[in-house]
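Order of writing sets the chain letters: A, B and C. Residues in each chain are counted from 1.
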Amino acid sequence: MLILTCPYCGVRAEETELAPGGEAHLKRIGPDGSDEAFESYLFDRTNTKGVQLERWRHAYGCGKWFLAARDTVTMQVYGTYEAQAFGPNEDVQATVRVRHPDWSYKL
Amino acid sequence: MAETLATIRRAAPCAMISIRADLGRAGDALAEATGLAMPEQVRIVTDGSRALGWMSPDELLLIGPLDARNEMRDACDQALAGEHGLVLDVSDMRVMFAIEGPRADDVIRKLCPVDLDAMPQDGMRRTRAAQVGVAIWREGDGGGRGWRLICFRSVADYVETILRNAAIPGAHLAPR
Amino acid sequence: MSETGPFRLPQGGRLIDRAYPLEFRFDGRPLRGLRGDTLASALMGSGVMLMGRSFKYHRPRGPIASGAEEPNALLGLGQGGRFEPNQRATTTQLEQGMRLTGQNAWPSLSVDVGAVNSWLYRLFPAGFYYKTFILPRAAWKHLFEPVIRRSAGLGRAPKDVDPDRYEQAYDFAEVVVVGGGIAGLQAARDAAEAGGRVLVLEQDPHWGGRTPVDHGPAGQGAIDALLTDLRGRDNVTMRRKTMATGLYDHGYLLAREALADHDPNQGIPRQRLWRIRAGRIVTATGALERPLSFAMNDVPGVMLASAVRDYIVNHGVAPGHRIVLVTNNDDAYRTALAAQEAGLDVPAILDARPAADGPLPKMARDRGIRVMTGTGIAKVKGSRAVEGIVTCAQAGQGQPIETIDCDAVAMSGGWSPVVHLWSHCGGKLTWDDAQALFRPDPARPPLGADGEGNVTAVGAAYGDLRCAGELERDEAAMQPVWVMPAQATRKARYKMWLDFQNDVKVSDIELAAQEGYESVEHTKRYTTLGMATDQGKVSNINGLAVLSGALNQPIPATGTTTFRPPYTPLTLATIAADARGDAFQPLRKTAIDGWHVLNGAKWEPVGQWRRAYCYLRGGEDAHAAVAREIKAVRGGVGTLDASTLGKIIVKGPDAGKFLDMIYTGVMSSLPVGKCRYGLMCSENGFLMDDGVAVRLSEDTWLCHTTTGGAERIHAHMEDWLQCEWWEWKVYTANVTEQWAQVAVVGPKARTLLERLGGMDVSDDALPFMGWAEGEIAGIPARIYRISFSGELSFEVSVPANRGLELWEALHKAGADLGVTPYGTEAMHIMRAEKGFIMIGDETDGTVIPQDLGLGWAISKKKPDYIGKRAQMRSHMTDPDRWQLVGLESLDDRMIPDGAYAVAEGTNANGQRNVQGRVTSTYYSPTLGRPIAMGLVRHGPSRMGEELDFPLSNGPAVRAKIVEPVFYDKEGARLNG
């Protein structure tokens, strides 16, 4: 069972205190979007084997959504960061690159 | 028959005011209005009759005597005048339990996935007790360490049941 | 011969107390053991070696082990609610008055008619089930299934409620050491020295593991010294009788502590499930001895050498008086020496190795024990007990050399580290050729949250079988022996058991290999090797070695099966812990709940809330009560406890803009003082909740949600606010529980409220879809004039602590008006009479508001709202979507909920095509006939058409499509 540190309150929360929210950094497609773009927004997920950026809510805590960079193979948590970010911060990226030197994220 | 690990009782109703605001901007005004220092992250500040708990980066819970509920609410509202904020009297929404006695820690350790040793003396932790959300902090004596626990009113009977089950005589956590 | 039985030795037994005999019964027979006995040692001391029957052939079995790995000695324990099947006799402590029962045998362990299987065991080979049941279905149904059902399972499941308590607790430590033997205690000392909290878990009641048995008083001394050291440290916690059952991600360790096993009178929980978060885990779980595969190695009295030694040294009992040892290593000689010291006869040690010259064999020879090298067992004589063995050359085919009479055989095929915890969470193993064992590979450990290895294996668990340090003696190398003798005949291999509980033999594994099962995971499932309740603790390595031999490949190429938690079975009660009875799950109660209890409420669970379904009066049934309540409301006035409705405050300069995104309709234009019904959709367009929004002030709205929806919708709002529109200035608060809310409904509702006084509830002051704030009956209140029944209706909201006061005031003031409390069923029927939809009835996660005739609640002007883009997709705009209609059955029968309307023709599966289904169906007391709502293809344009709803029994119900509003179509009653 995972432990993730909530970046808003600093609590090392266990998985039962959290609610999962799926892939992070999805770009919302509104009424102007094409069928293809909207379908992709709703359904296309990277389902990464490796470094995944994902959403969690500290549901049994401060109630804030945050994002985590987690390795779906090793379960390593490279870091957590605020939900308002457009991507993982430098610290998180650097931690990922210790294990995956060629890793980069695309939004 | 051994004693229960801790006494479990419902604390007398008190005033609870929920405050949402940008605490960086409004913190000083709120501290002045409540007469309490701003609590640090996941801490609770108390002066014996009132307490101010950190609930989230933009949320505080002010606790005080029941008859001061309107005064407390209005003071916070005034402190946030001109700010984007939300002040609500939520005194009826929650029930507070006092868990007191030398083995009160054991009761909490059975219900909450929280490392109590790592929690500061003035810590306030929102977490889970068995299957419901709660907040806990240390308060009271009862011959040892004591705890306060708040939960939503609808689950108060459930919470009382699990607290009493966790406190049954002889079920201490010390190695045997 | 002591009074505790013929096999109790005259002295010895470091764990027993001869001054405290304990009485117990086994299958009704009174027996005696001693305090400190396990069930196995007590039975063995009493001369009872037959402790179980195997699963498949029902062969008679005695214990082969002395610990958690035991596959055979499984007993039923206790009676009634405390009965537990499949309890391992080797790890269960004897208590006064225990009642044990044999299992998997009928009528008894000693006379088992099911044992006929064993005469036929050559007809039940590996994969028997798969091969046999490829037959006509009828044969399965009438022949095999009944037979299998009768004989399936080991023990019988208890039928009564378990009366014991169980609990759980959380713990946190920087280091958790699993195993309280010498390696674990040393590791604990080292960890404690380094600082941080150290937790040591030992599965047995005693510290020290094998060391006191294998190294005598010096071993005990070493353990005692470590214990003294550790007990003097503040940062060390030591728990006995605590079995670490599984290791999970990020150092999450589950362990079961036995607090009052089989001693229910203490009043404390019987077992406790520990949920431990460990920074680092040290596995010091020791090693398990392996059996040898020789013919008839399953006869009761054939045991692991270490187990024989344990029983002698720990409990002062022996499985026999004349014990032959058979081994491929030096360690087992300790058993011969211990047996001899205990005064038992050791006629021979058969050592499969060509030579045995180490200190231990030398000591055995010096003491006059006959050591026969290069020798194995051709077969064991006897069926229900060992009568002797026939020796043979290990290198040969099993030509008999000599018969040696004996009543027990101690065997050792070497040792396997206990690598379960290491492996549970991804730790990899490496093959140690010299010791013929898999051990943890420190280069590939399980990883913690930081991506670093978080488990260290030490001592025997790491393959360091000489971990007692200076206490150890030199030992010569062991020599792997997977089949005895090496060239054993086919016939002999039919009688060499690998998995004792599931009756898997060397011949079965070889057959599987011959049939093409090359993967160890496939072979496991085909043969059931290692699938019994012991999970193959003693059988797996031998089994995969035999498979490797048959496939002619090295053992590491075959690999192991997956190790999965729990290490030993956990009772469901321990996993559930306190979550049973009143604490099974939270039961949410409103502020008025106590009144409902006292007034005949029949409950309906709604989410975790309990709500009154109806209130039973006199001797009436629920149907009658619901009809009475509806008539009272429509004819006078009723009250509904609506406190469970979700209430979310949304405030801020951008709150209106935000709500326009959350709802399909426009909320920003709602005037202060007004209410508006709204729909919320998910981003994929489906209707997820509905309710009335209230404009409290210029920048504040109150959004009502469904009873089950408050937490979900609040989370939904916060998700969008925090993750998408975080620059919008909006705060939300879920204040559902702050308020008690009472719906006062019916033509006399206004009269009743006026009697309470304090607020003007006239149509002018409080028109339909308006709200007002004030004090009613002296209680601060908001009153919303909204209606879910079609009647004149006011929802009165007061602080929860005064909810009961309001309710009682209404009932006191309205007694002469016939004010009637009504429940959820009356509410549901009244809303259906009015054609109002219900989330969860008319919606099921695939329905959009447009399907429900709710287009009026969807803004056409708004450029965007959550779900708008999805509702533009081709499937959502398909004119063939099923749409809401009313349904009137033609013969006064109710159409069952969920029934489908059939259409012409059949689909690809030969099933009737369908064109609609029922979403709500009720008997309407108001109309005196059944009513229903449903979704029908092109429904709204097919008024008057008739549909058939076939039933599983009886003729189809025929129903006419009608408007979904059945009652007061003009809405006149809203005004009383």
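By definition in this document, a residue touches a chain if its C-beta (ideal position, glycine included) is under 8 Å from a C-beta of that chain, and two chains touch if they have at least 3 such contacts.
Predicted model, so just to flag it, every value in this text is computed and none were measured.
Colleague: Take each protein chain as a node, join two nodes whenever their chains touch, and name the resulting shape: line, ring, star, complete or other.
Modeller: Chain contacts: complete, every pair touches.
Colleague: Which chain pair is joined by more contacting C-beta pairs, B-C or A-B?
Modeller: More contacting C-beta pairs are found at B-C.
Colleague: Quick one: chain A and chain C, Cα centre-to-centre, how many Å?
Modeller: 29
Colleague: Could you put a whole-Å number on the gap between the CA centroids of chain B and chain C?
Modeller: Here chain B and chain C have centroids separated by 33 Å.
Colleague: Hunt down the residues of chain A that sit against at least two other chains at once, touch-wise.
Modeller: In chain A, 14, 59, 63-64 touch at least two other chains.
Colleague: What residues in chain C touch two or more of the other chains?
Modeller: 277
Colleague: Two or more other chains touching the same residue: where does that happen in chain B?
Modeller: 113, 115
Colleague: Which of the residues in chain A end up touching chain B in this complex?
Modeller: Residues in contact with chain B: 8-12, 14, 16-17, 59-64.
Colleague: Give the list of chain C residues in touch with chain A in this complex.
Modeller: 248-250, 252, 277, 426, 447, 449-451, 683-684, 715, 718-719, 722-724, 726, 863-864, 868-870, 872-874
Colleague: With touch defined as at the start, can you tell me which chain A residues reach chain C in the complex?
Modeller: Listed in rising order, the residues are 1-3, 14, 19, 21, 28-31, 33, 35, 38, 42, 55, 57, 59, 63-65, 71, 74-78, 83-84, 99.
Colleague: With touch defined as at the start, can you tell me which chain B residues reach chain C in the complex?
Modeller: Touching chain C from chain B are residues 1, 13, 18, 20, 58, 84-86, 88-94, 106, 109-110, 112-115, 117-118, 130-132, 152-155, 157-158, 161-162, 165-166, 168-171, 173, 175-176.
Colleague: Help me check something: in the complex, which residues belonging to chain C touch chain B?
Modeller: 165, 167-172, 197, 237-240, 259, 266-269, 275, 277, 578-579, 582-583, 585-591, 608-609, 649, 651-653, 729, 731, 733, 735, 737-739, 799-802
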